[in-house]
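Several structures are given next for inspection.
Here come two complexes built around chain A, the first alongside chain B, the second alongside chain C.
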Partner chain A sequence: MLDADFFRRWMAATAVSVDREAERLTALDSPIGDADHGSNLRRGFTAVTATLEKEAPDTPGGVLTLAGRQLISTVGGASGPLYGTLLRRTGKALGDAAEVSGEEFASALRTGVQAVMTLGGAVPGDKTMIDALVPAVDALDDSFAAARAAAEQGALATTPLQARKGRASYLGERSIGHQDPGATSSALLIAALAEAGGE
Partner chain B sequence: MKMLINVPETVVADALRGMAAAHPELTVDVENRVIVRRDAPVAGKVALVSGGGSGHEPLHGGFVGPGMLSAACPGEVFTSPVPDQMVRAAAAVDSGAGVLFIVKNYTGDVLNFDMAAELAEDEGIQVAKVLVNDDVAVTDSLYTAGRRGTGATLFVEKIAGAAAEAGMPLERVESLARQVNENSRSFGVALSACTTPAKGSPTFDLPPGELELGIGIHGEPGRERRAMMTSGEIADFAVNAVLEDLDPRNPVLALVNGMGATPLLELYGFSAEVQRVLTARGVAVARTLVGNYVTSLDMAGASVTLCQIDEETLGLWDAPVKTPGLRWGM
Partner chain C sequence: MSDGKLVGIVLVSHSAQVAASVAELAQALAGGGTAVPVAPAGGTEGGELGTSAELIAAAATSVDRGAGVAVLTDLGSAVLTVKALLAEGDELPDGTRLVDAPFVEGAVAAVVTAATGADLAAVEAAAVEAYTYRKV
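What follows is the complex of A and B.
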């Protein structure tokens, strides 16, 4: 079973890896975006860490809903509403249970990913965060490690794609050959699950 | 890259502190990042709120004041502001006559303003939204995020601002804003990339002998790269690109806009070439504005925006305006 502490560890591990990888995310965002993905997410997850410490929500749903709201209020750009909605809707789907099963979490995360697709209008293959998140959710029933591998594979697989959503889509064919920064940060988020679970 | 800054993290806050000191006619909330005209809310009048990433100055904060925006929300550099800022701005300026959100068509701006509109409506504020998408360099299709909002934002903010100042109701201000956007098209070129404070180096590599055609205003590369052209050749290319998508039967407003690092000397020369092409294409120019208005940090280059006008919109364009970035008639 997964308790509020697990979800706090997930957010903390995400904050650490986003901080560590911020320069790489920003570098990926330069040729096909506007060179700020790493700094924006770093600002967001730093604020998430602070607010979770301050407000100390005691349910899994409470942790993720608060984290999502904080991202929406802090990050801006497209990634603020998109990552914020992912966590907030996943958290809402978890309700107010003190503990949730792996299956319940996988189902809630699927709800969150679907909310992101509705909000941003992206589908798999558009060269967005969805390309890492959808395979990760599909693999989540096996293990966090399997989800991590699937997300990383999904992020790598965005390289040959032509972007159809977001700022990279303005480049048309010139977006081909670059790994998508949003899919890459999504893979970090999923990898942090494995860390939080001790895998 | 050398920059006149302290540290990248405080660039926006530092600029807002400077605006607060230089413009006592504005209320600048540095902590919450909202710039409001000091006399807001203005009784009985519709309020205009815009915003977007920083780095495009004077857009949007420099266009706050009588005759134009009621409030602006600056985000981080090239990053949309957050819904909290827009809701705070709407609450500060709403007189009860409603608020028009003017949103440039970028995924982040659209998502954040959508969320803000919902929240503001929950607080009992009547909100209308108009999307600015004038950049012909982006094909508007299912396979892109749609045309970007660039130079036409200035036309929309000025003309809708004059309509609001004249006491027109929200539906009318909104439909005028929409009309101005639909009648505007832009095309931009870059002679150099720009450098964001966070990255500290140019966002893309542009060799000395080349220029980038069809750029946006966020340092994102354009659609095509060519060997450097003369001002006249660039004007031919840009104006023809705009006129492929806009067939003005009426006179136009012309904005010859610098991207930030191109001197006015060059911009006026470029403007002369733009006029030459427009004359040759049989397009009458009612008014021309030349300068750095919708910029992209330290990018060198320019954009051309044309807006087909009628008697009413020309009158609203000529109406008095008093903002840090645009001022005439008062």
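What follows is the complex of A and C.
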């Protein structure tokens, strides 16, 4: 079973990973975006860590809804409402249970990913975070490690795609050949999940 | 008509200057002395380019007179942040609506229409119709 402490570890591990990889995320965002993805997510997850320590929600759903709300407030770019919606909808789907099973979490995360697709209008193959998150959710029934591998593979597979959503889509064919920064940060989020689970 | 209450207009841009200038332009074109409540929500709270959920929520609250609030945005995170706030249900005043309209022309149409005392649906329709205004 997964308790609030597990979800706090997930957010903390994401914050460490995003901080470590911020320069790489921003570098990926330079040729096809506006070169702020790493710094925006670093600001967001730093705030998430601080608010989770301060308010100390005691349920899995409470941790994720608070984290999501904080991202919407602090990121300042499109990744704020997108990741914020992902975590908040996942958290709401978990309700107020003190512990949730792996299956319940996988189902809730699928709800969260669906909400992101509805919000941004992206579908798989559009060269977005969805290209890492959908394969990750599909693999989550096996293990966190399998989800991590699927997310990383999904992020790598965005390189030959042409962007159809977001600022990168204005570049048309010139977006081809660059790994998508949003898919890359989504892979970090899922990798942090495996880390929190000790896998 | 809506009981003499005016629809509020919020203008969300990545740039504080763009949001404030479009608000000024729309109010000026609506004629002097108009009482339409218009609030810009531009940039981040730190004064940088971007979108702030807090500035949007504060702007919507400040223009809410009970007749609804029409929110116009530029693009990207401005659109997504307003949609995310609306999806949460309790972040923006009741009767707040994201209006699918061109930012400058839509803002002018919305403010001019709101100044007549029109309701939210009419303000939205006027802003959306600005898409059909061809220049060539």
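Everything that follows uses one rule, which is that the second predicted complex is superposed on the first by the 199 of 199 C-alpha atoms of A that agree within 3 Å, B and C clash if a C-alpha of one lies under 4 Å from a C-alpha of the other, contacts with A are read in each partner's own complex, and residues count from 1 in each chain.
Heads up, the rule we're going with is that a residue touches a chain if its C-beta (ideal position, glycine included) is under 8 Å from a C-beta of that chain, and two chains touch if they have at least 3 such contacts.
Given the structure is predicted, the values throughout are model-derived calculations rather than measurements.
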| item | value |
| --- | --- |
| Fit-or-clash call for chain B and chain C when the two complexes are aligned on chain A | clash |
| Chain B versus chain C as contact partner of A:G166, first or second or both or neither | both |
| Which partner, chain B or chain C, touches more chain A residues | B |
| First, second, both or neither for A:R88, with chain B first and chain C second | second |
| Partner chain in contact with A:G125 - chain B first, chain C second, else both or neither | neither |
| Chain B versus chain C as contact partner of A:S73, first or second or both or neither | both |
| First (chain B), second (chain C), both or neither touched by A:T26 | first |
| Overlap of the chain B and chain C footprints on chain A, listed as residue numbers | 36, 40, 72-73, 76-82, 119-120, 166-167 |
| For the chain A and chain C complex, residues of the former touching the latter | 36, 40, 69, 72-73, 76-82, 84-85, 88, 115, 119-120, 166-167 |
| Contact footprint of chain A on chain C as seen in their complex | 44, 48, 50-54, 76-77, 80-81, 83-85, 87-88 |
| List of chain B residues in touch with chain A within their complex | 8, 53, 75-84, 106-108, 111-112, 115, 137-139, 142-145, 148, 196, 198-199, 203-204, 216, 218-221, 223 |
| Residues on chain A engaged by chain B in the complex (per definition of touch) | 26, 30-36, 39-40, 43, 72-82, 119-120, 162, 164-167, 169-172, 174 |
